[in-house]
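For clarity, chains are labelled A, B, C, D, E and F in written order, and residue numbers in each chain start from 1.
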Amino acid sequence: MKRLLVTGAAGGLGKAMRGRLKSVADTLRLSDIVDLGDGQPHEELFTCDLGDRDQVFRLVEGCDGIVHLGGISVEDKFSKIMNANILGLYNLYEAARANGMPRIVFASSNHTIGFYQQNEYLNGDVPFRPDGLYGVSKCFGEALAHMYHDKFGQETALVRIGSCMEKPTNHRMLSTWMSRNDFLSMIECIFRVPRLGCPVIWGCSNNDAKWWDNAHVSYLGWKPKDNAEQFRAELDATVPRPAPEDPIAIYQGGPFVRDPIFKED
Amino acid sequence: MKRLLVTGAAGGLGKAMRGRLKSVADTLRLSDIVDLGDGQPHEELFTCDLGDRDQVFRLVEGCDGIVHLGGISVEDKFSKIMNANILGLYNLYEAARANGMPRIVFASSNHTIGFYQQNEYLNGDVPFRPDGLYGVSKCFGEALAHMYHDKFGQETALVRIGSCMEKPTNHRMLSTWMSRNDFLSMIECIFRVPRLGCPVIWGCSNNDAKWWDNAHVSYLGWKPKDNAEQFRAELDATVPRPAPEDPIAIYQGGPFVRDPIFKED
Amino acid sequence: MKRLLVTGAAGGLGKAMRGRLKSVADTLRLSDIVDLGDGQPHEELFTCDLGDRDQVFRLVEGCDGIVHLGGISVEDKFSKIMNANILGLYNLYEAARANGMPRIVFASSNHTIGFYQQNEYLNGDVPFRPDGLYGVSKCFGEALAHMYHDKFGQETALVRIGSCMEKPTNHRMLSTWMSRNDFLSMIECIFRVPRLGCPVIWGCSNNDAKWWDNAHVSYLGWKPKDNAEQFRAELDATVPRPAPEDPIAIYQGGPFVRDPIFKED
Amino acid sequence: MKRLLVTGAAGGLGKAMRGRLKSVADTLRLSDIVDLGDGQPHEELFTCDLGDRDQVFRLVEGCDGIVHLGGISVEDKFSKIMNANILGLYNLYEAARANGMPRIVFASSNHTIGFYQQNEYLNGDVPFRPDGLYGVSKCFGEALAHMYHDKFGQETALVRIGSCMEKPTNHRMLSTWMSRNDFLSMIECIFRVPRLGCPVIWGCSNNDAKWWDNAHVSYLGWKPKDNAEQFRAELDATVPRPAPEDPIAIYQGGPFVRDPIFKED
Amino acid sequence: MKRLLVTGAAGGLGKAMRGRLKSVADTLRLSDIVDLGDGQPHEELFTCDLGDRDQVFRLVEGCDGIVHLGGISVEDKFSKIMNANILGLYNLYEAARANGMPRIVFASSNHTIGFYQQNEYLNGDVPFRPDGLYGVSKCFGEALAHMYHDKFGQETALVRIGSCMEKPTNHRMLSTWMSRNDFLSMIECIFRVPRLGCPVIWGCSNNDAKWWDNAHVSYLGWKPKDNAEQFRAELDATVPRPAPEDPIAIYQGGPFVRDPIFKED
Amino acid sequence: MKRLLVTGAAGGLGKAMRGRLKSVADTLRLSDIVDLGDGQPHEELFTCDLGDRDQVFRLVEGCDGIVHLGGISVEDKFSKIMNANILGLYNLYEAARANGMPRIVFASSNHTIGFYQQNEYLNGDVPFRPDGLYGVSKCFGEALAHMYHDKFGQETALVRIGSCMEKPTNHRMLSTWMSRNDFLSMIECIFRVPRLGCPVIWGCSNNDAKWWDNAHVSYLGWKPKDNAEQFRAELDATVPRPAPEDPIAIYQGGPFVRDPIFKED
């Protein structure tokens, strides 16, 4: 690939992938609404408010692929979520449509299905059960992607990321954790397959304690190699096990299920 | 019921239901962004922009039930859809939450699944396949309703209306048509059942040529009585049968599937 | 049929069926642990404790078919349930096996699945979710019947009776009611079909508000003719509608779900 | 329709449909390998061996639709079945492909699934379980039709006919019977729908005792009106009920399951 | 865990687990109806007839968890099975309810589904098909556990043990074998997970030749490590391969399917 | 096994298996319509036209097992396919029936389902979607095998071979490839299991990029050991990646979907 756009590149996940994605494309175009620091020779840095159509169109122009990590990634006020995750996503898809429809990796979320319980084993077809406004905005995003696929042929990988962090930091993440290297190899598979379509992909590593079934995307050939289980002893030693009535022990979305609706100012 | 709010009461469907819903509540509170004409003694008329939070809160106050027909009901510019169907719906659910969570009948749409083909028989659990921005906004609405149900207990009937008109006006509507009397009896069932939950209900009459299976909401006891088939001869006499390659003959969403993305001004 | 055994013939349902079943067999052998009143010429009356093996063997001898309504039919002490519904059922199947394996209509119960919610639509294959010791004893009975079928070829209709009464007496029964005439016609179909097997049959009339799907036993040709809906107005006028948090409005098993475990003396 | 080809028009079913199909097309082209008797003004009579490619090409030329009842319709020697039902069907599809791909109603058979038991309720997706060489040839036919649909767009209705006779003549037919008027109305629906695709349609009337679920072809709007149940009393009076171990009481394919493989001369 | 109750500790499986379970709790309370031999310092020995309510209540008092291996574990007279496995289980659950509802590992059995054939691949939701009175008693047990879970919140792991032995002793066990170390690690997972619920768990090792799918309990994080395949050569050398018509080659329950009903004395 | 018949032994796959199968039986009877070269001491060589009944009967006589690789294995004229794959298969099954019904490994094909897309994950029960006349002939073969199983008890493994070659030669084969050693171990499992039945087995190795689910035949204990992924780098270096609109990138059957119907001479 010549030029890969990575949005949200200054966020936690963005920073972690910025270096790793170097191998995927000659040039990385990085964007965020906040400062991206110094660029490398193979990097192009853009400041961009996803809610601003013109900025987004300029951002997408000339890219062969998009890893869309941008937008709000936790529960927040609806006005902010609507600007970044709803209007912003619409802008992104319109910009992609105007620019040859580069394949998109869309960072969707387990919070689209956060109200399922942890003892339910989910395939990629289960109805949405979002656990907050953030999760609802990701449901919007998946629906939008499906529509652009059915109507125009735009391909998107709908990656329902669990917890893509350096390592699990609580017991729930023994199930939801995806290592960044596994995310990288997933992205490589997504851009490698001749026909992608618009599949849901559960974003977790090869964890022993699993809630999600990726059999339906076996055609990608993605084989995650890491396993959160290796961190269990460390977690047991440092973090109290959740009580049985704690949302972190009941719901797939964990503590998000008890987040309130955030007040506008 | 003492007071039932009907939004979108000046629209095509709203006008048709305004009279019929009289039997359901002592008082009908009617709202629209356009003029509602003269009120009857049992009616309260409100002009309301659904995108205006304060107006919506005043609108919902004191109501025991809501039939939400308001918002944009065809393909349109995203800015308009976002204001009325996304921000507007969020406002409505926040207002309901602040006012005792009256049960909501949400006019969702077959355009949430418009890209399924007509020879596919759908239950209430199929993944979304919206056919345009309007359909995507209704997917958002259904996801939002699920979240308010799971998080707060707010009950909503997600009515995926086919074509609720006086009578079918093209051959596709032989499958999608719902008579207004059948819609009325559905609303009565929705408000009658002790526990509603948050079910998807396919909004069509007892048509011979059926695409949608309502078995999962049998508990409501709703038995539509009309059948679009009675209009087939009339249609055959007045409307050309669609060609096999016409979207109206292929997709459940009919012509919406070929609507373009509307340009902002 | 020459001789049909009806157990539990002095119970509420037994009394109601005693007259109706006259048409099904030349002779009705009626049994109960309590007094059966005066017999008709076509009737043979037996007092029988189902827990007494010898009595049960004598009871079954010479019968061509069995309608097993006997045993405990509400929540009770486990010792009583165990004697009548567990030991009693074992005795009945052993007696049947010793006597040519006459076909059995087993009065199972909706209380085998009483913890499903009313907005769940059940087929005949759903896992058990009994709502009390009575329901558990009926699960035992269904399992026992399956085993005698698989091992010996004994055929049984596992009729999960809803509410087989003269008419519905509360709002839950608008879904669970089975008229006695519909039960009679079901029994006729069960004895008429050349091969019965060991199917679950949901015991309800053709009610508008339905929770149970009998499609899998369509081969029986049973078409219930009554509909609890005809009693709705009368119920609305005489019985308060259940509150949304009342088990009668939530669970298929209704008030049984909150029954305690009965204390032994 | 201008010209409808009906093959097998001198067979039992062909004769019965010959008059009824008059209403469907201006001209009926009738073919059989045996004599078709005298023609009517709206009829064109062809003698045709389906195994003869040139004859079949001439037969199909100029037709707008095909009702293919021809070929062997009971168990027979493989050489005869191969010529008429395998080579013959290939010839028919090649002829259709060369002549504008007129829509085809293919008389498939319940003998494609005859080894399912009568207490199994089948949808249109169940794997084949043919009960003889005849049934196997119909499986071939359905597979061939699917291939021509996927590859070339040829549309076929795969009608798995039960027993299309004047009336049921044994107890099994209380489930398998399809009245000829219901078959006619099915054919009308098949030619009426703008897009047919290549669906399996179970060919039975609206019988009380049902084994087959046509929900997946609801889009056709076909509503069979007859019911074999009306003949039960007459059957009970004239035909002995099958014994429980008789194939007629066990298997959907009835006595075909015990047919031997026919010897070649 | 402070104190773990292990019932049936003098049985074959009990003896094998007695040592292994030492690591799971500070104190092991061991019970059986027969002699338990000498105790270790961390052991408390109880003689207990499960059919005796008072004994069972005393047994359960003060325990934090229960591994219930007790009762009859092969086909036997119904009177014995009823006392130990039906009355005994009721007593155990009542005792647990009176003592803070410690989590229970219930040794259910593959004989609850023994009449499924070996080429059927089962998930945890399949209907029961018990192969004898013993299997029926385990169906009772599973139903009882579900009821206590739904009604009171009592958690149970319903472990359908295949063959938990030192090593497989016939060819059927190449599929049903569970090593005792794998059973131990399963028990550890059961007591470790914050919320257990009331799941069915298939009790077999990671055997190549598998009949049972544990995907639905992936959330436990249990990964069996042993594989019966390592014993195939040894079995082939020492045990004749079963004939194709031998129940051991046909049914999942193996020879149990041909056990008679045991006579009472 | 004493004598194993391998048909098609001079074909590409036949040659590759000829040596490997030596370990499975004392004697290999090898047949083909073309020259088989020189025989080994443990080999019996037969020239045989599968369409010739007498030759086939002689061929099968005295064999304990059959690996049927013979017939046409690519798209061809229907006359040739009909002779070898339809008449030939009928002859083979008749010959087997006359000779004690030795177990058959039938080389079916992925071309029975070639029109499914590559992002569909298939189990063994999906309806056929053949991609040409060759694929249709294999559907016939599977249906025939099912019939002989249901009617006479003849056992067959329906192996839907992907690409059984030395190594993958294009990118599609990264999913469809089955190593010959994996095929050998599959055949060993097929002849080893006491009861085979008539299962569909997907014929591919343990490839990362998988379209087919063999969970339903886990009872065979077959664990393929090879993985096409090891050849990806080599393929990327030597073969251009398919374009997204190339059938090789879309359909499971790859280029077969665009094969024409071959003209007869």
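Everything that follows uses one rule, which is that contacts are C-beta pairs under 8 Å (C-beta built on N, C-alpha and C of every residue); 3 or more make two chains touch, one makes a residue touch a chain.
Here the structure is a predicted model, which is why all the values come from computation and not from measurement.
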> After a C-alpha superposition of chain C on chain D, what does the rotation angle come to, in degrees rounded to the nearest 5?
Replying inline: 120
> Any idea if chain D and chain F meet via the same residues, over half in common, or different ones?
Replying inline: same
> Taking each chain's centre as the mean position of its Cα atoms, how many Å separate chain C from chain E?
Replying inline: 32
> Approximately how many whole Å separate the CA-defined centres of chain A and chain E?
Replying inline: 42
> So what's the Cα centroid distance for chain C and chain F, whole Å?
Replying inline: 52
>> Could you pull out the residues of chain A that touch at least 2 other chains?
In response: none
> Mind giving me all the chain pairs that touch?
Replying inline: A-B, A-E, A-F, B-C, B-D, C-D, C-E, D-F, E-F
> Across the complex, what residues on chain A touch chain B?
Replying inline: 53, 78, 82, 86-87, 90, 94, 97, 112, 115, 125, 127-133, 135-136, 139-140, 142-144, 146-147, 150-151, 257, 261, 264
> chain B touches which residues of chain C in the complex?
Replying inline: 117-119, 121, 171, 174-175, 207-211, 213, 229, 241-244, 246, 248-250
> Inside the complex, what are the residues of chain E that reach chain A?
Replying inline: 194-197, 199, 215-223
